[in-house]
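A quick write-up on the structure given underneath.
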Amino acid sequence: MKKEEGASVSIWSKAQSVRAEWLWLVTLVLIIVPLAVPPHVPFTVNQSTLRIYEYVKKLPDGSVIVSGGSGQWAFIYETSAAFMAFLTQIKNKDVKLIIFPLSTDSLMFEPWAVKVTGFDKVKEYGKDWVVLNYVPGGADITLPAFMTNIRGLCRTDVYGRPLDELPIFKTVNSYKDITLWVDCGANSIPSLARYVAPYKVPILGFVHSAYYGMFQPYIAAGQVYEMTNGIRGGGEYEKLVGYTPWNLGTVTMDSYQLYSIYILALVIIANIGTQMLKKEEKKQ
Amino acid sequence: MVSKVLYRTILPYVIFMICFVPVLSNYYFDVPILRSVETELRNWSTLIGLTAMFLGLANITIYYYREIKRRKHLEWQFGVYSIALTYAWIIYGLSQGGLTSPAYNEIYVFVKGHSEAAQIGLLTFFFVTAAFRTFRAKNMQALVLLIFAFIPFIGVAPWGEQIWSGWPAFSEWILGGITMAGSRAILIAASVGLVAMVVRIVLRYEKGGLIRG
Amino acid sequence: MINIWIPIGIAIAIATWSFLIKESPLFRWAERTFISAAIGHTVVVGVYTLRDRYYPITVQGQYLLLIPAALGYLYLFVLWRRGRWVASYPIAITMGVGLATQVRGTIDADFLGQTLGLIREGGRIVGSPPQTAFTNALTIIVTLFSLSYFLFTVRPKGAFGSVYDGMYKLGQYCLLASLGAMAGNYILGTGLAVTMATIIRIIFSLQGYG
Amino acid sequence: MSVFLKGRIVDFLILAVLSISTWLATYFARKGKAREIRPIPALDAIYEGVGRAAEMGRPAFMTPGAGDVGSARVIAGLAILDVMATQCAKLDVPLLTVFGQGALGAAEMIVAEAYRREGKPELYSPGKQVLFLSGDQYARTAGEAGLFQREKPALNVFVGDFYSEMLYIGEAGARVGAMQIGGTTQQLGIPLMAITMDYVMIGEEMFAVAASITRDPIQVGSIMAQDIGKIVLFSISIIGVIAMLVGSKIMIDLLSM
């Protein structure tokens, strides 16, 4: 009996000093397995994601959507699930998309997302969608100018073609022609609230989980219509839309399921181990 | 020597005040000339900040050069590689026309974008070990940290809402209430500390980035 | 058409994750590639921005801008032992403008803005549904207790000392609760999403999509 | 009152109160009437850590993040760097620091001064103690992680601007067994510091440590000013909340002046 107890204590103390590399290996397996065999765990759709979906669904024909956001390439990955779901949703609607990047990384990210979702195959460049050039100087300077005179601020698109040659800008030039503003990224919501919201242009945000809490006051004040909550919001949006090429949100939620249980188990083991070691020390 | 002290410590402080006072007071007082002074000074500081990148480039070049000179195996090779890649990147970027060129975009996305994403991906792994090591209820403080960390953690996980359907709402409530209150306290307190620190610099008890002594 | 950058991108991701096993030349290659690319990118963007900023000097004749342009290069004096102090001048300008902006911004947004937010919450206690009232009251109390953690010098003597100690302890717990919830919510979503995105991206690259 | 811009009067009054109280606090400190501050463990840990590094014969590491010298958080980091560099020069501990481009010049100057003051100017050279690993958040982090593995520092100090990368650097530092001290006012950085570091300066504690790190009685005395500021705030908010409970918006109107 005594011997057994001693053995169990040594297992606990062994568990305390397990090498980090093994823990990481298990993590990697937990991440890769759901990719190979997606279990598609069920989860409910949050009210805020639903509101965004309904809003986009009810957009009138001929709407002009501006996609203007900022962020770092790698961090936008988290919000890209929602953004791609959004692109998939508007793909088959009669809408126009203007990409106005507020950072150099969005300049590369947003056209890439358009390509991945196949939006560019359905729509014609120049007539239905366009990528504007990045204008340096910061959102405080560029956004007010953009809202009043797009052609005056941007002059050319990203490929160097003058805006006057692009058919989309025959009818679009200022805030009066913009139906909706979407922001894929993170840190531009405060500037948008300051410079875009006063013109009564509704704003939808696809933001990180960290900013979801931080930017809640803007929704309460009515400056931003609604936001999605990080990767979970992306998963919910994907569920509503049905399918996006990457399915990043859904796949991540699958992994998250395993990953969170794994971490919970580790923490429980660590805590029991600490208590056991304490007992052992007391005995001695 | 009087002139040495004048040039090295007094004059920089005077310049600091010349920049500090107009920019600060323009926010409070309605004086037209202050506005143009502030715009000009802001322009200046942007230009200076941009030029500082050449010091950074010089610094890293010296560091790599030292690495090469030490001739330690597997160090000098990387020194040569880093110098070559840095300057090749600059030359390539400038010759391609920078951000707006598709060719530059491509290497930016595949080299820098992929690197960044892979580095951030490491966070997932590091959280596992950090949780294993730190989230132990050694005392009351650790226990409180542990319990509150797990509320939103389970709230996001799909199994959380299956064991209790109110979990996501509960975690949102914690985030909107207690977390918001705590971070608000941190913000307010930090703002007081920040102002006190700047006042100390103005009163010359602290030197900031200027020369000491 | 095979894009030559795709295998390089994949190799970088794998080399970066090799850090989990050991710091090896493989990781060092990824690290150095990343640093060099980041510095190179900074300089490329910086040179173009500088060109735009210098534009008024040459075209509009704003010769006043020549002063900061020259001041910026004074930074390089740091590298010279005897002239190191010259770099104080550009530092003084950056410090002056930066700190002034920060002071006025932080008083307005953090000190006043957050205090106003706190007071407004007080207005939502009376006459609102019990759940809202409770949440708002709790928020106010937690904020004030947390703030008391940051009092450094005012511990009174005697009986009030223990009251202060109690507030301090409670404040500490409030802060810990807040920080714990933030950590739990934040890092998991972002980290895991980016990891997944990287792996998916590798798979897609192998299949020939960008 | 047309001199003031609309809505900025209270802003200015708060600035005035904070400035005057700082001046008063230093005035009393010079007279020798400074109040004692409560102990902050991280403060002594910095001195202790450099000593530990000297015993182990391993370097000490410090970084304030990537901000430029116009940021007060980076300046708090520079104040700590000053003391660390002096200690390192005194005890012959190799010092390694990483700075962003905007603070690089100031850091080089401070380290050079510290070595000169200790009579060892030959140990300093540009690009040896102070490194620039790009302004990019994660490139810098990766460089630091690699640096930890190669140089194996015994003390890591992070005081300044930190965000999500804190988990990465913190874990990389813990992996080489360094004693770690962190401090930031960024809400995202603090919890990550709390789970990876030995000592954490939460929010304002960072500024208090920066003020008292030199153990100069006048600077330590000036911390009292911060408390005066918070007590003013306490009173404003309690009066405001009570007024709101009674149904009067007087404080909101007053503060928005």
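Lettered A, B, C and D in written order, each chain numbered from 1.
One rule holds for everything that comes next: a residue touches a chain if its C-beta (ideal position, glycine included) is under 8 Å from a C-beta of that chain, and two chains touch if they have at least 3 such contacts.
Note that the coordinates shown come from a computational prediction; the quantities given were computed from them, not determined experimentally.
Undergrad: Which chain lies the greatest distance away from chain B when centres are computed from Cα atoms alone?
TA: Chain centre farthest from chain B's centre: A.
Undergrad: If I rank A-C and A-D by number of C-beta contact pairs, which comes first?
TA: A-C is joined by more C-beta pairs in contact.
Undergrad: Of all the chains, which has the CA centre nearest the overall CA centre?
TA: Smallest offset from the overall C-alpha mean is found for C.
Undergrad: Taking each chain's centre as its mean C-alpha position, how far apart are chain A and chain C in Å?
TA: Centres of chain A and chain C (C-alpha means) sit 19 Å apart.
Undergrad: Please work out the Cα centroid separation of chain A and chain D, and write it as a whole number of Å.
TA: 32
Undergrad: Determine the centre-to-centre distance between chain A and chain B, using the mean Cα coordinates as centres, and give it in whole Å.
TA: Using C-alpha averages as centres, the distance is 22 Å.
Undergrad: Centroid of chain B to centroid of chain D, CA atoms only: how many Å?
TA: Centre-to-centre distance between chain B and chain D: 13 Å.
Undergrad: At least two partner chains per residue is the criterion; list those residues in chain A.
TA: 20, 24, 31, 72, 74-75, 77, 104, 112, 209-210, 213, 232, 256, 259-260 - these are the residues of chain A that touch more than one other chain.
Undergrad: Which chain D residues reach two or more other chains?
TA: Answer for chain D, listing residues that touch two or more other chains: 11, 15, 18, 68-70, 72, 75, 101-102, 104-106, 108-109, 126, 132-136, 138-139, 142, 164, 167, 187-188, 190-191, 194-195, 202-204, 208, 223, 226, 230, 233.
Undergrad: Got the chain B residues that touch at least 2 other chains?
TA: Where chain B meets two or more other chains at a single residue, that happens at 27-28, 45, 49, 52-53, 55-56, 58, 60, 62, 99, 108, 112-113, 115-117, 119-120, 122-125, 127, 129, 131, 133, 135, 145-146, 149-150, 153, 156, 175-176, 179-180, 183, 185-190, 192, 194-195, 198, 201, 208-211.
Undergrad: Can you list the chain B residues touching chain A in their complex?
TA: By the definition above, chain B touches chain A via 99-100, 105, 108-109, 112-113, 116-117, 119-120, 124-125, 127-129, 131-133, 135-138, 146, 150, 153-154, 156-162, 168, 175-176, 179-180.
Undergrad: Touching residues of chain D toward chain A in the complex: what are they?
TA: That would be residues 137-138, 164, 175, 188 of chain D.
Undergrad: Which positions of chain C touch chain D when the two form their complex?
TA: Residues 16, 19, 23, 27-28, 30-31, 34-35, 37-39, 41-42, 75, 78-79, 81, 84-85, 87-88, 90-91, 94-99, 101-104, 107-108, 111-112, 115-116, 118-123, 125-126, 140, 144, 147, 149-155, 175-176, 179-180, 182-183, 186-187, 190-191.
Undergrad: Looking at the complex, which residues from chain C come into contact with chain A?
TA: It is residues 20-21, 45, 48-49, 52, 117, 185-186, 188-190, 192-200, 203-204, 209-210 of chain C that touch chain A.
Undergrad: Report the residues of chain B in contact with chain C in the complex, numbered from low to high.
TA: Per the stated touch rule, the residues are 7-8, 11-13, 15-21, 23-24, 27-28, 40-58, 60, 62, 74, 78, 81-82, 85-90, 93-94, 98-99, 104, 106-108, 110-125, 127, 140-141, 144-153, 155-156, 171, 173-192, 194-195, 198, 201, 208-211.
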